[in-house]
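Single-structure report; data block below.
When the chains are written out, they are named A, B and C in that same order, and each has its own residue count from 1.
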Amino acid sequence: MHTTRRNFLKISLATTVSATAAISPAIRAATTRHVIVIGGGIGGSTAAKYLRLMDDRIKVTVIEPKSHYTTCFMSNEFLGGERDFKSLQFSYAGLARHGVDLIQDRVTAIDADKQQVKTAGGQTLHYDRCIVSPGIDFRWEAIEGHSAELAERIPHSYQAGPQTLTLKKQLEAMPDGGTVIIAPPANPFRCPPAPYERTSQIAHYLKTHKPKSKILVLDDKPNFSKQKLFEAGWKRHYGYGSSNSMIEWISVDNGGHIESIDPKTNTVSAQADDFKADVINLIPPQKAGRLAFQAGLTDTSGWCPVDHQTFESRIHKNIHVIGDSAIAAPLPKSGYAANSAAKVCAAAIVSLFNDTDIIHPSLINTCYSLIAPNDAISVAMVYGFEKGKIIKMKGAGGLTPEDASDQMRAREAAYAHSWFNNMTHDIFG
Amino acid sequence: MLKPHVFSLLLMAGLCSSSPTQADPPTTASMLANACAACHGLNGSSQGPATPSIAGISAVYFIDAMTAFQEDERPATVMNRIAKGYSEEQIELMAEYFSQQPMIRTDQPFDPELARKGDALHQNNCEKCHENGGRASDDDAGILAGQKIPYLRYTLDDILNGKREVSVKMANKLKTIHKSMGQDGIEQLLNYYASQK
Amino acid sequence: MNKLVLILGLCLPAFAYALNPPDLDVGEEINETCAGCHGEFAEGGKDGEYPRLAGLPAAYIENQLRLFRDRKRPNIPMLEYLDKGQMPEQDIVDVSAYLQSIKLITKLPPLKEGPDFDAYERMMMTKTFLNIAKVEGDFKDGKKLYKRECRSCHGRKGEGKLDQNIPMLAGQYTKYLKRQVKLFIDKKRIHDPDAPDDELLSHFSEDQLHNIFAYISTLDD
């Protein structure tokens, strides 16, 4: 094989016009580089698409057992009765259009030394680099009597899909005047404001359909994300703090920690007391996704340490970990952060393949929470890179101001819906 | 990182990069811009319904907007918090990047009758600065044609309520329209912009 | 070519007879008269008592000459040259085109003595050099106001717009500009022919206007 200068020019031109090109790879690899992406969630799908956008000479294979993805974000709005379940579901056709190969299968093992991935379907695939984006798994053992099987009946609904539907059905079947328990876990866990957005959305559903019902939040933390804004929102919409409040929040300091669950009586034993409920949404404490453990990518924290510039595992070479499984603090475990980190990781892999300088990461996180229709709050941050670490940019970011007008909060809600459309289009479109 | 045989091939072809390796390369325009996509769409073309497209807007307008957000001079939800995370140089890089992207217009619902009236209203009042039916970018005014309607509605509302400072000329024209036609005049303009593909 | 079409287009409705395309050589000759006050290279003089004409849009100059002649823009010194058919339409077209074509420089390269030094070239360079002295003021405020209120017509760097006959502000004498502002506000001159009744400049305080000019004075540096 011989690369002529003319060919070379053609190639560099082709890569230059690619709008998202992180760099213009000036060198044509003699062999096709193969990146295997394990997990077709937010991190994995974004990385796969952007690898192809940045350098379409790279062969990209996504291995994912599910035929489509259901987004966690906005699934609370479905619980609130303001969104169709279908609108949360996305197929992988978009990735295929970008030239990504899809294998619907489950990875059983990664051999970091041989750079091989084995699947349940019996395939063995070689990779030059592997991106692992396995999401989260649960520490069932932390709650006595709980298990993955029980979660089919007492759902966490924290990996959107069948359990989201289960929770919705349970809410619909519940009598007016019933009690819903929502139990958020201790830190760190996926999408810190989500349990409280869920509380708001379920309160909205109950207020509309079953106004005599109550929500009891049994929290394993002394405080939570966007707390002041949530509490003010609950006060505004759901009587929080009054004798007629729809929502009661019990912090860990007041005995919110759950020790065990009894599915026969639908009762949880918290430190404060035993609580019986009609619907229990128990969100167990979390750790990195199953595959991260199997592949030995986790440390004692139960999460995956990574290089902040490339998201390459600090344990195994040529394997990158992105999304909620990775520890890249101060980067939060959020959908936006996973999307942003996936692009940084893709750009780094393109640079590594082409032996060019790795570009300094720049990331954003913007996370909206819908408290009620036309009322949303947000938290945002811009992340830079300094001395080998991802850092929060000074003076940037923060929360919706506490005195934001109704008009601005309504705009946030409109922007939250736009965020959903753009985010999912960016990943799956 | 390249495999040995690839490397020798490159040497043969004389393609080895001769540029000096920077020890600490800065970030690039695409790295910065990619992070914006989750809200503003891939390469700045928004899927809507509300978040504006920023693809194709002039670099000057982009810089003005980001500077105004940084200084809290423009009403904002998250953008004032985001803009403060970037240096002047980074904003310039993004400005250049987005100015070179084509703005892809997604369909928006509109009323053809209002759009027709809005066309005339635009020609008489706005065209001088927002050239080519609000499609131009080199006039350094924002692109209006095909821009997301809720966003434009917020903007005009902010201008009419004195929350966003714009040129005296624009503010006066807008107030005159609003005074004589009420919100109808504003909606005519918005429907005209929504009608443009 | 476009410019030519535009100029002719502007002239035709007013003048039934056809004019020849502008002749720059003739324009240069006519300019010898103008040079007495406005300078050999139309760089203006006496710190803006006589404005710079070099590089202004030809159609803009033509319009001003006609306004002087028709006594719609009061200017007694200029009348003397335009009255009684002294300056036919063709002369107006020729000299305006010539004035537009003159390029002034805003920076002088450092003097390099030695065998390559060309004294004549240096002298010519000096003659075409014009840099407006920086006026003190609140530049930040001026910049903000300029960007918001003036830029869409007068350009990003105050360079004006040749294709729309909009004069430059950067590189023009501050004193001259301030004098025109007063004329605009007093309705003795029309600032924007598209909006003759609403004088934009009357919406600003003296301080704001001063800051705008302070900022403009730095644009040619």
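Just so we're on the same page, contacts are C-beta pairs under 8 Å (C-beta built on N, C-alpha and C of every residue); 3 or more make two chains touch, one makes a residue touch a chain.
Fair warning: this is a prediction, and the values are worked out from it, not measured in the lab.
By the count of C-beta pairs in contact, the leading chain pair is A-B.
At the far end from subunit B, in terms of centres built from Cα atoms, lies C. For this pair, subunit B with subunit C, the centres built from the Cα atoms lie 34 Å apart. Centroid to centroid, with C-alpha atoms defining each point, subunit A and subunit C lie 61 Å apart. Separating the centre of subunit A from that of subunit B, both taken as means of CA atoms, is a distance of 28 Å.
On subunit B, the positions that touch subunit C within their shared complex are 60, 64, 128-129, 139-141, 165-169, 172. Note for the complex: subunit C touches subunit B at residues 147-149, 151-152, 156, 194-195, 198, 200, 203-204. Contacts from subunit A toward subunit B in the complex involve residues 1-5, 8, 19-23, 26-27, 29-31, 50, 336, 339-340, 343-344, 347, 352-353, 355-364, 366, 378, 380-385, 393, 395-398, 400, 408, 411-412, 414-415, 417-419, 421-423, 425-426, 429.
Subunit B meets subunit A in the complex at residues 1-3, 5-6, 9-10, 13, 15, 17, 21-22, 24-28, 30-43, 46-51, 75, 77-78, 81-86, 90, 100-101, 148, 150, 154.
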